[in-house]
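Two complexes are shown next, each including chain A; its partner changes from chain B in the first to chain C in the second.
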Partner chain A sequence: MADTAKSEYRGEIHSRQKELMSAWYQRLDEAARTGAPATVELMISGNCVELLEAFDAVPLYPEINALQLAIRHQSLEPILLAEELGYAADNCAYVKADIGALLKGISPAAGKLPKPSLVLCNFVGCNTYIKWFEHAAVFQGSPLYMLDVPFLRADSPSREDVTYVVRQLREVVKMLEAITGRKFDYGRFRHAVECSRRVEDAWSRIKLLAQRRPSPFDAYFDAITLMGPLYVYRASPAGVEFFDIALRELEARAARGEGVYDQEKFRVVLEGPPPYPYFRAFRDMFAKWRACPVASTYSTVGGLWEFGFRHDAEDPFEAVALHMLEHNLTNRNFLQRYAQLRRYVEDWNAHGLIIHFVKSCRLFSAGQGDMRDYFTRVLGVPTLYIESDLEDPRYFAEAQTKNRMDAFFEALEHAGAHRGLPLAVSGPAGPHANPNLKVIP
Partner chain B sequence: MRSLSPRLLDIPRCVELIQDLNFAEVARWKAEHPGGKAIAYFPVYAPVEIIHACGMLPVGLNGAGDRLDIQHADARFGSFICSIIKTTLEMAITGRLDWMDGMFFSTICDSARNLCFVSKRNFPEKYWDFIHLPQNAGSPAAVDFLEQEYRRILLQLESLAGRKADDDALRGAIRLYNHNRELLRDLYALRERHPERLRTWELYSLLRAGCFLPVETHNAGLEAALAELRAGAAKPRDSIRILIEGSFCEQPPLDLIRLIEEAGCYIVDDDFILGRRWFTQDVPSEGDPIRALAESYLNRSVYSSVRHDPRHPRPRALVEKARSRRADAVLFLIAKFCEPAYFDYVLFKQAVEAAGIPHLLLEFEEKAFTFERSRTEVETFVESLLFD
Partner chain C sequence: MIAGIDIGSGFIKTVILDDAAGRDAAVLGRGQVRTGVDLEKAARQALALALDEAALPASAIAYVATTGFGRYSLGFRDIQITEITSGARGVRFLYPGADAILDIGGQSTRAISLNPAGKVAHFKTNDKCAAGSGSFIVRAAKYLQIPLEQAGDLALQALKPQPISSICAVLAESEIINHVSAGTSVEDILCGIYESLADRSSLLLKRVGMRRDLVFIGGVARQQGMVRALEQRLGVRVDVPPHAEFVCALGAALLGLQRRRAAAGASMSLGGSCIAAE
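Up next is the complex of A and B:
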């Protein structure tokens, strides 16, 4: 019988995070009531919040609103309303929850949400963004700009890709000038980009802390706590301050040898977004086995920094373009995701991979069967594949998911993974060999 | 093997071509062109002129219809994914695409994009490429970008072909495909004016057959068909005029198209095989051909659920199309799990309702072969309009 453990850690990070996020909602409420500050609806993926910061405009991320509704068990009602409008049962439920909530006037916070001054669709990978923001613009009566970011077709973007994005960013600047009535302040923009660089530094160091054993940081569930400030405040001094505190706090834990679990048993890599409507129940399934998520792809949707990319204030437009094009999960191709996951398994010394298929999201999920094939058959990494949804509570089979998780960890336990016995890996070892995995020639 | 003369591009032959999962016609072309390469493309659009100018055969793949049993692809793409993704992968896994030297995908949806890269891993010996077709048609930067994207593709194809495609070859290809599209526009116009003369399932067969034929052969066949149809006459049926929207990628089964017509509909416009009819006017065959193709993609083209164009919102474009074709109703014919079509349905529905145009939603799967429910739905709908 496996023992249960509590995974939740509550420190200054959490109280500060709460303060920041409620301050954000207050500013949105202020905008809703008074028309100022300017607000820009934006996607989290590869977001260009630096540009907004240069205009003192506040980002409005519909994904954050949607996930808040789901965590609070309030997503079903707006989803059903959206389906009455004609959205299909299998359209992305983030969109349905957001549009339904919008039309019903439901806000996940105490205050109101404003009608955005601009709906800025950073089309970074996911095609659903285009539809979502077209609809958001129509239903709110806001102007729409489609910032078209070429998908990463090769290892890195071409010069032409970068030029295309930079030219569009300059068009966005013109729009923001008109909307806010302010002249673009290049110095402020550079400052915003510099703040981002500092936040990214701290955030990356936090993620690298999870390479330690035990890991002081849960790179899936706890990462989500940090992701709100990461996207809303990244380009501001408040963000820099927050991430400095977070890093200090987690480094101190690491120095004391404290882990997410006192006796960490398993280390896993997570692929896919969480089932927000059952967030707590899902988390407990890991805690029961003292299994710590040491790395996750979901935490790189807004930006992938732990492999070294930083915004560079020397050329802020290009830095923002490169971030949108190359250094976030959603604009990278599916095989680059395999490579990212493989590196996580190897460098973060994981015992296995958990793929969470979410029906809403084809960007994440279409082809995950092939991914499983690659990890199990080609690499020999123990892999669990489970299905549910990130927003729609109707697609979570709690008992079944729990059984499968238990079976997975039991198998790992049986194989002696937690005692450091190497697990079989076939195929060539990557450059970052993981001692938990033994290569079969 | 029977060779295809223009005369033989009759409807049964077209149907045979569409249903041939051995792609005998492509194989024949390759046999006749030693060293020649066949480049497939996934819907919706691909710049076939560039492929042609490199001396290659462009092949439009639109799934496998109802003739393929899915045995392997389900394990790779799982639940909630449309059928065409799985049939395409299944064809590749079962060796039916062995003739293929490369394949293009483009910015249409997340499933198709991931399929491109999954295919690349599983069949590394072939050339797989993803074309980023711009989604910001309103920006002048989009044309410049697409021009560069096409130049990138051209370079790739040239190295695959082992030969250069000069501007004259590109212009020649543009002219051939301009003619092809002109013939198709004429056929579409003829059907719109005289739907009794040309059934849509026949037009569809003529159109889609072109996905597997050299454009020169297809042109000759279409010319002959057009001449015959112009001379012909037929008795009008008691039907309502409908417009089909939503079948731009996965294609409905031929029997379903037939059924819709038999249930009392004249289909006066549709979005089947839309990529082959992408341009509303000729692509300029003067000047820089690559620039002309890029610029035409953005500025001389149809609206589609797989592209965003702030200058022409799609809901308005649909209503305008319905009006100009004097359609009595819109039939949303959408593939199961097709995310772009279903998202667009929401705003389309509001727009046609505001314009007072009746509409019906019908979901299909390419692999389906019984349509009793669809028949009842269409018949009921037609009756409600006829006896309104």
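Up next is the complex of A and C:
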């Protein structure tokens, strides 16, 4: 029988995270009851929380609310309501859960969610958000600003792209001035951007800790714990304090040689978000094999910092624009996603790649079959491809998913991966390698 | 003795393996019962049948390896292995040169390719939908009012096979009803069903990189109509072992034997692999 293993570390990180996220929901509840502070609904990918911080406005992320419903097994009811209203079966399940919960008055927290002071659609890489946020604005009676972030067509955005986004950010400033009744404080904005830089430094160092054997940090399941504060508090002193604590705690674990598992057996890279309705069951499928996720693309949807980018307080508007345009996962092109994953496999010394295809997210999941072929046939990286959904429990088949996971790790075990036998990982790209593939600098 | 128990969705299959016979490990007995709802009870019945055939007492079993969807459900197991790994091992034991496997059971279809060392290189399974698996044939036979055991042979007598194009088992039944209404013969409908299944299987096999001949295992492999449809669709020879539905149980027993010997200090063979799984 395969060994079972302890899959979780509980430290100050977790208690502080809980406090911070509870405080966030309390502020949202306060806004729902009293109308203050101002709240801005926006998208996690490429979020410009620094601008909000400059006005002491609170971000409201519908994705966080939706995933909280899913983890608590409460997502199906609002999804069904949205489908009754006419949302298609293959529509994004985040959208359906959010709209359904909105209309039913369901909150993932003890308090209420406010009517946003502003719905700010920063649709980075995902066109579905345009309609999602339009609907959210209509259903809630909130003003809408559509912040158009051009998709990254080349390795870097053009000067015109940056200027285009900066001009829109300045328009958002005007709207926030009108909504909050405050004059824009440039110094406070720079301070927020500087807080982000410090958080990004700590977060990047935490991610690099996972290159150690054993990894002291689960860069998928534990990363999700840190991603809440990362998006809500990144631009604030509270965020800086939290990530400093998290880094110190994890560095201490690394110094003691403590890993996620007592005896780490496999190291894997994850592509795609987890199936939140079955979060525990999915996590246990890794724990059973003592397989530690050492890197994940999902942890970069809100920002990609481990390869060097930082918000720069010297030019804060341009820094925010560059983050939105270039340095988050969802606005990047497919070859850049390949390169990111390849670098994870090589630099984090992974035994294999696991791709989770999200059935209700065609935009992000399309092409993952080719991704699998690229990693197996061109690079020789053992790869598992599984399908379910991040929000809709109807798409998750536990027995089939477990079967594939077990078979994948059995195959790795029989190939001797955990004993260091060569798996053709990290080899030079074969004759079919795409010449356009570049490793992210 | 080693027992390999394959707890499938339709049947539980058990193999008793002589652990003293080395590479020429011999199967001493087999047993098969319907799975039902009490998996442990049914597994014990299947084991008892195999022990009867082997003329052995229950105390002769020193190690139990389970496989199949219910592999975790037996309290008296020593090890559990997925049917992908056990199917690969069973086939490689029976056909040392095999490099591609199709396994169609009651609810699942699995395509597997092996590397030169006989390890799983790639595998792909069907998803939640059972349209490409044995239960589809069971439902079709029931609707057409023919014994399941005759379905495969009847299909061989088809003169003008009728295509079943739906990708959904339930909708495919509607197509069957349409064919019946149009006066199509049962033989032609059955042949169309097998050709539809062969089309689906061929997609899975292409995805895992099948290169040459195929070994076909699982309960559906006993149906000649399906074997012929696969040969025609793929243009390769399709080998079906004599006890096709017991191959995963055999593989589990062989892996159990290997694990037992490894625990006793004997060496295990290992091979390089590039694994692609789906």
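FYI, the second predicted complex is superposed on the first by the 425 of 441 C-alpha atoms of A that agree within 3 Å, B and C clash if a C-alpha of one lies under 4 Å from a C-alpha of the other, contacts with A are read in each partner's own complex, and residues count from 1 in each chain.
Simple rule for what comes next: contacts are C-beta pairs under 8 Å (C-beta built on N, C-alpha and C of every residue); 3 or more make two chains touch, one makes a residue touch a chain.
Here the structure is a predicted model, which means the values were calculated and not measured.
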First, second, both or neither for A:Gly416, with chain B first and chain C second: second
Broader residue contact with chain A after superposition on the shared chain, chain B or chain C: B
Partner chain in contact with A:Asn91 - chain B first, chain C second, else both or neither: first
Partner chain in contact with A:Asp148 - chain B first, chain C second, else both or neither: first
Partner chain(s) touched by A:Asp406 [first = chain B, second = chain C, both, neither]: second
Which of chain B and chain C A:Leu384 touches, first, second, both or neither: second
Touching partner for A:Thr376 - first (chain B), second (chain C), both, neither: second
Which of chain B and chain C A:Tyr61 touches, first, second, both or neither: neither
Which superposed partner A:Gln368 touches (first chain B, second chain C, both, neither): first
Touched partner set for A:Phe266, first chain B, second chain C, both or neither: neither
Chain A residues contacted in one complex by chain B, in the other by chain C: 373, 387
Touching residues (chain side chain B, partner chain A) in the complex: 74-81, 85, 107-111, 113-118, 120-122, 129-130, 132, 134-136, 138-139, 141-142, 144-145, 148-149, 152, 308, 310, 337, 339-340, 342-347, 349
Interfacial residue positions of chain A with respect to chain C in the complex: 1-2, 352, 372-373, 376-377, 380-387, 397, 399-400, 403-404, 406-408, 410-412, 414-416, 421-424
In the complex with chain B, residue positions of chain A that touch it: 85-88, 90-92, 95, 123, 125-128, 130-131, 134-135, 138, 144, 146-148, 150-151, 153, 158, 160-161, 163-164, 167-168, 171, 333-335, 338, 357, 359, 361-363, 365-370, 373-374, 387
Of all residues in chain C, those that touch chain A in their complex: 69, 77-85, 119-120, 122-123, 125, 127-128, 270-278
